[in-house]
Amino acid sequence: MKQMRQETLRRIISLVLLIVLTVVFTLTTDTFLSWDNITSMLREAAFIGLIAIGVTTCIITGGNNLSGGLAVGMCCMIFAHLYHYTAMSLIAIVLLSLLGGLLSGLFNGFVVAILQVPDFVATLSTGMIFQGITYVLAVRNQYGSITSEMIKNPTMAALGGRLPNGIYYVTIVWLILTVVMQIFLKKTKMGTYIYAMGANRKSAEYSGISFIKVKMVAFTIAGFMSFVAAMFTLGRNGTCDVNTGTALNLQAISAAVIGGAAFSGGRGDMIGTLIGVLFMQVLRNGVLKFNMTTAQQSIISGTIIVLMLVFDAYYNEFMQKRTTRAAALAREKENAGK
Amino acid sequence: MSNSVKNNPVVKAILGSSRILVLLILAVFFTIATKGTFFSYKNLVNILYSVSLIGIMICGACFAVLLGGIDRTVSGNAALSGAIVAMTILNKGVGGSNVALAIFLGLGAGVLSGLIHGLILSRFNIPAFLLTLATNEVLYGFVQLVTSNTLIYVNGCTLMDYIGQVRWLGIPIPVYIMLACILFAYIILNHTVYGRQVYSVGGNRQSSELSGVPARKVILIAYIISGFMGALAGFVLSSMNQQASAGQAKNYENNVLAAIVVGGVSMRGGSGSIQNAILGAFLIGVIENGMNLMGVPSIYKDMAKGIIIIVAVAMDMANQPGTPLNNLKRRLSKKAA
Amino acid sequence: MKKLAAILVSLLLVVSLAACGSANAANDTKPANNDTPAADTNTNTDNNTATTGGLGFVERTKNPYEDEMKFAWVPTRASEANATAWGNGIREELSYWSNTTLNVFDPEGDAEQEAKIISDLVAQGYDGIFLQTINPDVLSASVREAEEAGIPVVCINMGTTEPHAALVSMTDFEAGQVIARRIGDALGGEGKIVIIEATVGAARGVKLQDGFMSVLQSEYPNIEVLDSQPADWNMEKAQNLMNDYLTKYGDEIDAVFAHNDQMAEGAGMAVQNAGKSGDIIIWGANGETKALEYIEQGIITGTVYTNCKEQGKTAARIMMLYLNSNIDTSTFTKTPVTKMPPITVDASNVSSITPDMRW
Amino acid sequence: MSEKNELLFEMKNIEKIFAHVHALDHVNFDVRKGEVHALLGENGAGKSTLIKILTGVYSKDGGQIFMDGKEIEINSREDAAEAGIAVIFQELSLVPTLSVYQNILLGKETSKFGFISDASEKKQIQELIDRYGFPVKATDIVETLSVAQKQMVEILKALATEAKLIIMDEPTASLSSRESELLYKIINQLRDRGVSIIYISHRLEEVFNLSDRITILRDGKNAGVIEKENIVPSEVVKMMIGKEISESTASRALHTSDAETELEVKNLTHLGYYYDVSFQVKKGEVLVLTGLVGSGRTEVVRSIYGADPFDKGEIIFEGKPIKPTIKKSVANGFGLIPEDRRTQGFSPLLTVTGNVALTSYDKIAKGGFVNKKDEDALGRKAVELTDLRPANPNVQVGNLSGGNQQKAVLGKWLTRDLKVVLIDEPTVGIDIGAKDEIYNIIEDLASKGVAVLMVSSDIAEVLRVAHRIIVMREGRIIKEFNNGVATQEDILLASSGFVNETKEAA
């Protein structure tokens, strides 16, 4: 008798709840399942989703990443700064922003893997550093005050656009990257190493896998995702301010955990995170639809997450009990048959 | 260094914890950089005052972290309690019995919130990080309901004015409240059965349960303490501000957690101490105060804070064998020898 | 491998050089398009995208005073007192017509989040949006989206760079200027001041600061700004910061300028606790009830008062006006602005702000 | 046969010095091709140091290592792997969330542009599995497998590297007898295929059965090498500990005590786990529940303690029926030494005192406040009572050796006034000297009138301490030995279900 794996269970539960929420919102409001609303939801989901890809990768290695959103702000600001103060070509600016994103990842990797600072503290601190760099790079007016800079570049503006059928480019890129990362995690050597490092670091190291390399790769992937999110943020808003991206991280972490990732490492994948992101987005968007005060919105959406967590835990426990019981009874039967 | 010096407990403590070392180095640096202003009585009081709220919250949240959990709701509890206290006094008046009722309701809300969290987290295997993230949102929803999103002013309440404005020996009352909370947490953790049980359940819940430790009750009480401390901080905050707002104390939980973790309390539970957690808060408080005194432009402050935290923690980690930095250190010392 | 390293190093150099450039940002920034302070709400209008043709018209099918109308109010933070005052003003005005509903959405001070909420509201077919933008640039695209979907966006206090239906604004730049003059005159043109700033990059803080500094630089060259640090709109932080200022500068400080009343109150408390009440001039901005009381008690010196409730009502009236017209607000090339009168309040005239005007 | 005697691996005059102490003092050790070579010795004899040297965890301070006649240097795990040496760890070193084939090939995947050639790898591993007939599938996720299956994956991992020498460190410690049998079969299979095995175990019986040769270490020195045909158990034990164990462990005279009944269980049933279990434990008696792992013994004990529920039946303590909860049990003077001490026995971060005091705060605390003096005294008392080493109650239990960890767990209860003590597999993974001390402690308890209910799979152990024996099989009591003499054979047969063939103990 095989036990069902915990993350599979959690994924099924969140998927079921996602469907239930969707049905409830569709029945109770008239605009929820409109094409406009769907594309709009998918667009919002994409920004969280891009960060969540990076966060999930880091969580699978047994770590965490609290700096992903702040790295988005930093990449945006590198772009805005260079755009405003230099005459570089767009390509060069984009490449330097990319470099910023990748370096943010490598720096995280350095602090976590080489300085051995626990992920939580490390990325909390590097997040502060990224925020600081964002402040330093911020565009200023004649009084020296920080202003946000409009980037009137048609190429960048196009990034914020959508296909004729209404789906935004950012959604497509997010979905593509989700699939790519899923393949990366499941089908490549490095992907396997990422799981191995998270689930059993000792064993992975005995197999000749470098902790430093795995952490570096995971954080660099997160840095890259921050860069991608940054470019689309610029495309969408045509600008950035010093607080860009600060709120993305907690949502991304929540989405990853709801999708089955565990802080202890080795669990979770992109499909789970995709479900988690959609769940969070549907919940948030759906709750907006009722005529509720902001207080009620907070209470309802928070309570639904709590209920889901409790249900998930209760169901898990129940299933575990049932499987052990079933196993015991099966053993009994097998013996009786002899 | 002679052995007698080396064995001095104070010296030992300093050498043993890079955080104290970093703190001392920073203190000396800031003292020199500010020509002594940093080390003035007045400024030290300022530092104490600036960490007092966080300090009170740490005295609660620390219990959750020692049990391998996390409590992000300290801020929500603070906001809710502050709002309830202010609202009750606004509606009932500032008479003694009304204030007592207000405080009872405010702290009661914190205890109730802690009770609910404790019940859920002791019963179910749920990631506390995610749960308290969600419930904090719920708590702030309730704060909005209580305050209707307006500022609630508290005028003429003697007790709250006293807490907010009176100083003993030049030290504001919130500092004494924080010290009392630290003492409380220290005694609980170090001298009571409950404290022993916290460390034991944090280290190995199963074995503790089989030894007759009521693990669920231990977890439940931890979150109740955390809720109470959060609520107390909220009451102090409202006293300091003489008002309550729907967004007060927001994001304080991040500072609280940062301080606890920087203080070296393991997030896996079972190891760390309240002294170290408070030390973490002081490390962060001293950095902020020192930079304010030096007139460091605000844009560099975050960066400096991040770097100093990394350095402090990395130095600690470098003392553990097997890490790359430790290997480097050993290799260097070998070469030198 | 060596080549790669070389490329990396050179790229790093470029980045760091660029970063050095920012130190002189104040000097080589492009000058603002327009010297009149009012222009700060609608700069860049000359090169925006919606300039094709003149004013457009649209056939509106709904009668805003009879058909079911759904409005949204999106402040910077729903939990802030002035947001509530504005919201109450809007609600009060709209409540005369029972066919209207008003829902409040809270982006919690995050511009990205606010942009997302606007997109959500567009997708959900709201009839009109009241918006206090967190960042005029970040919100531009989303507001454009709403306008093009035929949803008028009436902004309160802070609009977007892109033109939209209307802006009902407090004065920021001018308020900063007025406060600078009041402080400057009180000090006789000479003295030392400290500033308690808003959250780094917050647009209203930036404008207050710019207005303040512009007057200080041009009219009071002998007033020295000792220090200027942010306290994130937050009372406790302002109190701690003021404590640090007092420790560092002691009696040198003649005046404090805080970007809002909450921070001014915090500074006032710090000064009071240091036993220096009355020695230091403290100015805030907004005019919330507590600040007015503190002015009465002499804890802070003055503030720039705006009647927020009235401001909300004005916004609601403008919204109803548009919805009952056939003006296509998305074809505007410049945002129409109406400004609320700033009332400079100090101990001499605080009693003129009657209780019903306080919020 | 000459081929069989060909040397595969040889260590000569190996030295290892830790802080001026000779951990290994000119130790010689060799392994022939296709041989199962057991390495015996008490904890601290140098077994694990030797293994760590030959797997590259430690570097030797002197001596030579030869593989296939050529001298090699082993300075890292990679060196060891390259030389064809693989280790099956006591604590399983698999990645729980990956599949069997992913685990086996971890770090050695064949790939194109970083992409793993999945299909061919699965096939390749499945073939390997089929060749040995292991009951696992290449695509199974490791965390869903049983302990025995996981161990097979470990062995497969070694085989996949074409290891010539496989080191098995306590491989049967957590296996049931049936699973152990399967492992023995596998070991024999490997031997037949020419793989050499270094076998380390505390279960002497299996060592004697399996190994072709035994090397015995004592105090970091060679104490002897014995060929299979020359193995005499008592001689081996003598060589290991330097003295002979006095009691015979082959049989045991039993007797039913006529003391008062302390604990009685009537028709206790937990569906799916055990059925109709009834027995009595008298004061001062040691009753042992034995049988194969999974026969329901542990579950019975846990139910009696209140750690698990039960469906039907009665538990009677001192003549009164009780509904046990852990809290009540502790108050009633029950104590539990649980099955898996690492996960259930102690808090690794706490000191010995901290662990010991956990059960006794009702005695050393007033109004919730701990009396530090009494607490320290309690810690010292526990150290004294169990002869715990180092004799320092302020050491973190996680840093102690297995035997001393178990003593700390015992200390939790010995410091209390016990009436009933429930002991579950107390000596798994513990060296022979410490085992003896633990048996002495159990006997001591019984002599003080404590009712002892013990669970054990180790028949030598059962015969060493039992006053009466109950054999369980598939959740039911299949046989009771109350009087007369019980022998290893009797118990083994009963455990395996051959009840009728055992003679009725009169």
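To keep things simple, chains are lettered A, B, C and D as they appear, and every chain counts its residues starting from 1.
As a convention for this text, contacts are C-beta pairs under 8 Å (C-beta built on N, C-alpha and C of every residue); 3 or more make two chains touch, one makes a residue touch a chain.
This is a predicted model, so every value here is computed, not measured.
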| item | value |
| --- | --- |
| Chain whose Cα centroid lies at the greatest distance from that of subunit A | D |
| Intercentroid distance (Cα basis), subunit D paired with subunit C, Å | 71 |
| Between subunit C and subunit A, distance of the C-alpha-averaged centres to the nearest whole Å | 32 |
| Separation of subunit B from subunit D, taking each centre as the mean of its C-alpha atoms, in whole Å | 44 |
| Per-residue multi-chain contacts in subunit B, two or more chains | 140, 143-144, 149, 298-299 |
| For subunit C, residues contacting two or more additional chains | 78, 200 |
| Junction residues of subunit D - those touching two or more other chains | none |
| Chains grouped in pairs wherever the two touch, ordered by label | A-B, A-C, A-D, B-C, B-D |
| Residue numbers on subunit B that touch subunit D, as the complex places them | 191-197, 199-200, 202-204, 206-214, 270-271 |
| Complex interface listing, subunit D residues touching subunit A | 77-78, 93-98, 102, 106-109, 111, 114-116, 118, 140-141, 143-144, 271-273, 294, 474-475 |
| Subunit A partner contacts - residues on subunit B that touch it in the complex | 120, 124-127, 129-131, 133-138, 140-145, 149, 254, 258, 261-262, 267, 298-307, 309-310, 313-314, 317-318, 320, 323-325 |
| Contact set on subunit A toward subunit D in their complex | 2-3, 5, 187-190, 192-193, 195-196, 198-200, 202-204, 206-209, 266-267, 325, 328-329, 331-332, 335 |
| Subunit B to subunit C touching residues, read off their complex | 34, 37, 40, 42-43, 46, 49-50, 53, 140, 143-144, 147-151, 153, 155, 164-165, 167, 172, 237, 240-243, 245-247, 250, 289, 292-293, 295, 298-299 |
